[in-house]
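Following this line, the structures themselves.
In what follows, subunit A forms one complex with subunit B and a second complex with subunit C.
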Partner chain A sequence: MAINKHHAIDPDKCTACTICITACPVTAATRKFRGPKMTGPALTRLRKLVSDDDPMLDYCSNCKTCDLVCPSGVPISTLNMLAKNEYYKTHPRKSPADDMLAHSEKMGKLITSIPLASTFANLGMTIGKSVGMLGAMGISSNAKMPSYASESFISKFKKIKQTSYQRKVVFFSGCFINYNQPEVGVDMVKVYQKNKIEVAIDENFVCCGSPMVAGGYIDDARVNAAKNAKLLKAWVDKGYDIITACTSCGLMLKQEYQELFDFEGMSEYAEHMYDSVEYLAKLHDEGEFNTEFANDSTEYIYHAPCHLKVQAIGRPSMELLPLVPGIKIQEADAGCCGISGSYGFKADKNPIAMKVGAKLFGKIKDSHAELGVCECGTCRLQMENGSGVPAIHPLTVLRKAYGL
Partner chain B sequence: MLKTTVVVIGGGATGVGILRDLSMRGVDALLVERDDLGYWTSSRFHGLLHSGGRYAVKDKEAAKECIEENTILRKIGKQCVEATESIFVRAPEDSEEFEAEWVKSCKECGIYAVPMSMDEAFKLEPNLSRKLLSAYRCPGAAVDGFRLLWQTVASANKYGGKAKTYTEVIGIETVNGEVAGVHVRDRWTGEEYKIACDYVISATGSFAGNVAHLAGIDVNVKPSKGTLIAFNHRICNHVVHRLHPSSDADIFVPHGSITILGTSSIDSAPDDTSSETSEVLDMMNIGKVTFENLYDYRILRVFAGTRPLYSADPNAKGRSASRGFVALDHAHDGIKHFMSVCGGKFTTYRLMAEKVCDIVCEQLGVNTACRTAEENLVDGPSDDLMNRAKAVFPSYGAELAASRLGNEKLERVIKRIESRPETKELVCECENVTLAEIEEIASEPSSHTVSDLRRRTRLGMGTCQGTFCAYRSVGAVDKDDMPWAKDTVFLFKEFLETRWKGIRPVLWGNMLRDIELTRAIYDAALNLSGVDEIK
Partner chain C sequence: MKKSDILIIGNGISGLFAACVAADKGKKVQILSYGAGTLTIGGGIIDVLGYTDEGTPVADPMQAIAAMDAKHPYAKVGADTAKKALDTFLKITEEEGFPYIGSANENIWLPTAIGNFKPSCLVPRTMNGKALIAAKNILVIGFDTMKDFYADMATKNIAKRLPDKNVEQLIVELKFEYERDLRDISAMDVARWLETEAGYRSFVDQVKSHVKPDTAIVLPPVLGLDPNYKILDTLEKELDCALVEVSSLPPAVTGTRLTKMMTAYAKKRGVQIIEKARVVGSEIIDGKCQAVITEGFDRQRKFYADQFILATGGVYGGGLVAKIGAMTEPVFNIDIDVPKVQTEWSHKDLFGDKKQIFAQFGVNVNSELTPLAADGKEVASNVKVVGRSLAGYDFCVEKSGNGVALITAYKAAAAFCGEA
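Now for the complex of A and B:
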């Protein structure tokens, strides 16, 4: 493609230093992927010259570790995603699972709108797994699929009675919290209320589009981005800050939209976007974080998701959770878990995902921690699947410490 | 003693065109080149295959020649030409009357110039300045100079024509006022020897005066230096011209992975390929009219070449001197069967060769007609070969290698990878050059330096400008069966210093950061400059 400077994508900054290749978890796990420098800035120069792209670009998991380590600020993974999306305009997808995993919101909506559907859907997953149905769809039988909740977060939220406070935020729950783990959303509201924050939601929000981009459905993501960007800007104009409790949604809305799309108001609202724990850490810095905690003697091991790291907001959970009296928490510091949203669920990618996550799984097991802690929903599934140790959101730890 | 009918001096476009033409007419011919093929002017240009649009108003004859040759080269040189089309754009500072005259002239010359709305133009080329007023599509194209030269020689080879690089002519021998041969020196071994011949054609462009001087004859070439700027990416996917009378820095060519902006016009010595920062800045300021965000794009390097402008008037200068070519029969100067060819354009290289060879053949009593427009330079790869290539190359590599190598060499490279799969690894990641290609080209007798490999493969011509492929390629050629590659420190320095020459005048922004990385690797880590340890 000709490089468009009206756009935020700038591969010109790449000095070919190769640090991204040394940091890429997928390159370390498989020779099938030639690395982020090659797939991103290097091949961007050549894509106009050849009639066909290299199928190896499908192996990028969009974990964004390359973006994080790049000393030149090249949005490498976004270049990869753009190329992947171009590739799938002319190539068949590997499996029907791509569509399902990229459009998880559709599935979530369908299942949570029908009474008892979640029970059957979850049962279906289990049975499907045992009879090889998922394998036929291109979903790995090794991956632990997320189960569906019987009631969505939005439905639960409406039943929560909140105290009104001056400080107001709008919560972008995202699909995973809304359809799969609504309790995390409830934890968020309870913890925020305890910190004198009023939480609003917006039923018009749609899936942030992160799984669509990673799955090669960028046009669908654009439609969603247009809707969300407009709504988010309006909330910020009303004086609300925006909170996410899923680091992939947060990254998408705050940063990737600006790299991929060109809608008005994106940079304005992005300044008011926070990860749910980051926001509390900010409160703590301002001396307004509620630290009236009960004792918690549980041993935890914390894993920082890649999409949190690339937001460059530090490790807010590792600032706040140690404030809980009696708590024992260590950081795993073992790189990517491998799942990368929907990547590790795909049959052809699952062995790579498990290899990438092996170091983390080992760390969790060796730590003898009772619980894993992580902001990202699919990371938590992968942690549980790889180590056998259950994992929870840091907000859940805080809610418990508040005795709620 | 080496004997041939015609010695062609100069391995630029004109020389190789003549070699091919003569060989196809059955005339025994040998080309000698002091440096590598395409070392001088024939690679130091935009890489533009003119549509003729640029000359339509001022020089209709040249414009007609361009469109005819453009059409022929697209056909016979498919592997060297990227048929991008060109867009002519008029800026507010360009004359509206000229536009009208230009449209009329293009029509007269048979060059299509299809008007389009600015919205269409911006859709095709999103980076164009929004201030531009009008746009036309024309049949311009991008052409790879190095590739065209080597493939022209490959075509000549099929008919017995040969080329010797790094062979410098040091004397022209005459007997009774008629050429008898040339004395040459092998620049690598220092060996001097004679090549007996009946005819000498000097196709040495800007050096035509120097070569004629060997026979005591004056030829008035006025070399005019043009600097070109290479950008890291494609800023545009079409050639983009300013729609105004030809001037400096008004052409952008998407050349392979890069964009080339040119050029300037400064009277110079024939071997002056230097560029100053001030020239670059002047060109950038003009280029900005076409692409308003030009300063945001990363410059990879600059390079310069000299136009071999000829004028019988020794005081004629610069761009206004004729761009037509001349064939000077030195019988008029008292030496028979010695001809100097100079002037001309890359686009019309085949036609110039045809005209020269018509004269030469007549003098040699050869009646065969020119066939160079009818036959492809090299065969394109068959579907079968491409399938074999795609099975072993990364998919990008297959197509790029096919156009770089042509059919025969591609097959040899595929065989290398088939027998040793590890040779599909990339030595140059920026331009996707495999180890197998490096090994294949390095084993040819014409290879003496890593720069030679670079001109054949595009090794080191991308983003990192040799930082990562220098040590890989030197490592790849440092083998017992590669006698030219023994002095690895020399290989490193020769390669890196030619890269540095082009980077130095544009040492700011990202390129400055890049070169610091290069310095860290070669000066600090590898201590290439040989700094002694402090004891």
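Now for the complex of A and C:
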């Protein structure tokens, strides 16, 4: 496997200190997972000698908490993903849902391209749930499946009239915003326009590949990475910064591509990549963030997605949202929500996902907040499913505060 | 990034404590962390000074600190500040609802996992070694399938060390599933089990009949994952005896509790922690540090501050980088003076009772904890170095782990806040 030289993956950097085991949320929830240290660096060394057939690999959710706490910079979760992908080359998949969950873009494309298909798909999901069809496919009946929007973000975007500004960014919306919650993308454009930024999109972008890697379809992810990397580099060459509003897309394009693949231009465009709120926080530091907010007396609770934490950008939402007058916002600080992209939707993983998220759900309920706030789309679903409290993207809070 | 008053590099015990102290004094504090601090896998206890250089046990650590060799970090701090530091730590533990016991002026002997005893100073109430000395009967409890605690060995050694006690052992059955496709059972798993109603009941039912009057129980660290005494208190009441955890091998329950407590306190006081921020260098102009530079998968970032505290730890924590015949501190690019010949780094007898040479390698500082370059000049006047990055001590032999961290961190933070 081609590994980017700059971020060479070296299991021998692991000193076996076990900090990752103390922090891993899946390890805490089930003994079916051997733990990050063992399945990651420790067994990777053995895999160099003998082919490994450890079914426990399937339990790593790729939440990256292990990478976050590792003092030696070992990309533990990525070692797990590489091994998992090798494993599925020679072993049958556990669940028929793997393929569908890993290729969410295929489904989204299909559904949003046919008139009224989303209505039927969403209805089908409800019916499928009630007659147990989803269960037969390996999807948990307990998880809250994302519903499909009647119109994709790209379609909506084309109808938005923007003012042209010198500061220009290209927005990588990702599948979830494009097919499931396009209103988050629309909020992004509105908020950026308020800050004198012109937003472009690129219809040739494809799924970042994050669910493919986690689902064991790394070859498909490599094809997508090749396409995206080339396009992203071209945008940067034109003077655009790259924005993502899904923290998993952001992490994949910026970091995991560099860990897993070896395409040209990845580190160059990564220099210009920003999370959507991080970019605004940077404007704020430079004194250029628009703070003409209306009052918002809503009580919010913010959950930092694992894939944001590991990006070394702190908590940009907790820097900006408190600037809204009247706002009451606290950080949940309760660890992983459990969903980890597609992990918690799988029937055999859902009980683990719910156990992992239990602390967060309790925190949300006890806070008596009216709304949850989180950058990650599937985290938001999990927060709603576990706590009953609706959750929105921080950009939506800002859009409302601008009176839009 | 906005400029902070004090920027701390490292979130081990010294970084977190310095942050708590400075934030309490009204400073805007930011921590840059790369990975969780190694205190997470430590014993969660505060050793201050267990043995003199001659190997004699220390009764009063403060008295011993006052007579310290000039090279030792304690000599640069002094006993008065040391006591203030430890008292401040005790106050934090109290406010967080996890009060530690002990005093700066007295050492406590704690049982270890193999049934020996080691001196420490401030410890959580779950590790009150004095209860063991006071009891007539000692009941060592192990768990049938838990790894890394051998009740047999602990029982034999404790009986040898405390010949006037009646020492017995009991193996509690966990009745966990145990097969090839399930992970080995660690102290953390048992702690999780004890936090469940069923686990708690099963433990009490199996132990209760074995507790004679005037008994202290010794067991691995399993009394709860979080920094509180809920499980200890209910068990002591229900079993009518003292329970004493031994420090044991990582993954460490006791270290995790200490990490959680310190982090919670710091965050409540507005300390901002930027995770996964790998500091690769610094910008020094006219002898003052302006910013430190982080680097990740995207780009370099500068973090500005008026003052900086380096709390990145030793070789193990990544704060010092050792190569053949050389050692450096990478953030301020300080060369550490080490023998060119590798065999001169250590005494032949690795686990002897002499301080190891390599263990004492670290950054040289002046009496203000300001780092000094190889030529003896200040690296930057607004930088202080704390904890394991410092030269001049071997925490392992003298038993000063976490004590040096807390005491130097306090001195640095207090000095930056205008206190002498």
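One rule holds for everything that comes next: the second predicted complex is superposed on the first by the 392 of 404 C-alpha atoms of A that agree within 3 Å, B and C clash if a C-alpha of one lies under 4 Å from a C-alpha of the other, contacts with A are read in each partner's own complex, and residues count from 1 in each chain.
As a working rule, contacts are C-beta pairs under 8 Å (C-beta built on N, C-alpha and C of every residue); 3 or more make two chains touch, one makes a residue touch a chain.
Computed from a predicted structure; not experimentally measured.
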Looking at the overlay, does A:338 come into contact with subunit B only (first), subunit C only (second), both, or neither?
neither
Which superposed partner A:72 touches (first subunit B, second subunit C, both, neither):
both
Could you say whether A:255 touches subunit B, subunit C, both of them, or neither, answering first, second, both or neither?
second
Subunit B versus subunit C as contact partner of A:285, first or second or both or neither
second
Have a look at where A:56 lands relative to subunit B and subunit C in the superposition and call it first, second, both or neither.
both
Touch check for A:23: first (subunit B), second (subunit C), both, or neither?
second
Between subunit B (first) and subunit C (second), which does A:15 come into contact with in this model arrangement: first, second, both, or neither?
both
Give one of first, second, both or neither to describe whether A:44 is in contact with subunit B, with subunit C, with both, or with none.
first
Between subunit B and subunit C, which makes contact with more of the residues in subunit A?
C
Please report the subunit A residues shared by its interface with subunit B and its interface with subunit C.
15, 17-18, 34, 38, 55-56, 72
Subunit C to subunit A touching residues, read off their complex
1-2, 34-38, 40-41, 176-177, 181-183, 185-186, 188-189, 192, 250-252, 255-256, 267, 272-278, 294, 296-299, 313, 316-318
Touching subunit A in the complex: which residues of subunit B?
82, 125-127, 232-237, 254, 256-258, 293, 296-298, 394-396, 399-400, 426, 429-432, 462-464, 467-468, 510, 513-514, 517
For subunit A, which residues count as touching subunit B in their complex?
1-6, 11-18, 34, 37-38, 41-46, 48-56, 72
Note which residues of subunit A are touching subunit C in the complex, please.
7, 15, 17-19, 21-23, 27-28, 31-35, 38, 55-56, 67-73, 254-255, 258, 267, 270-273, 285, 309-315, 333
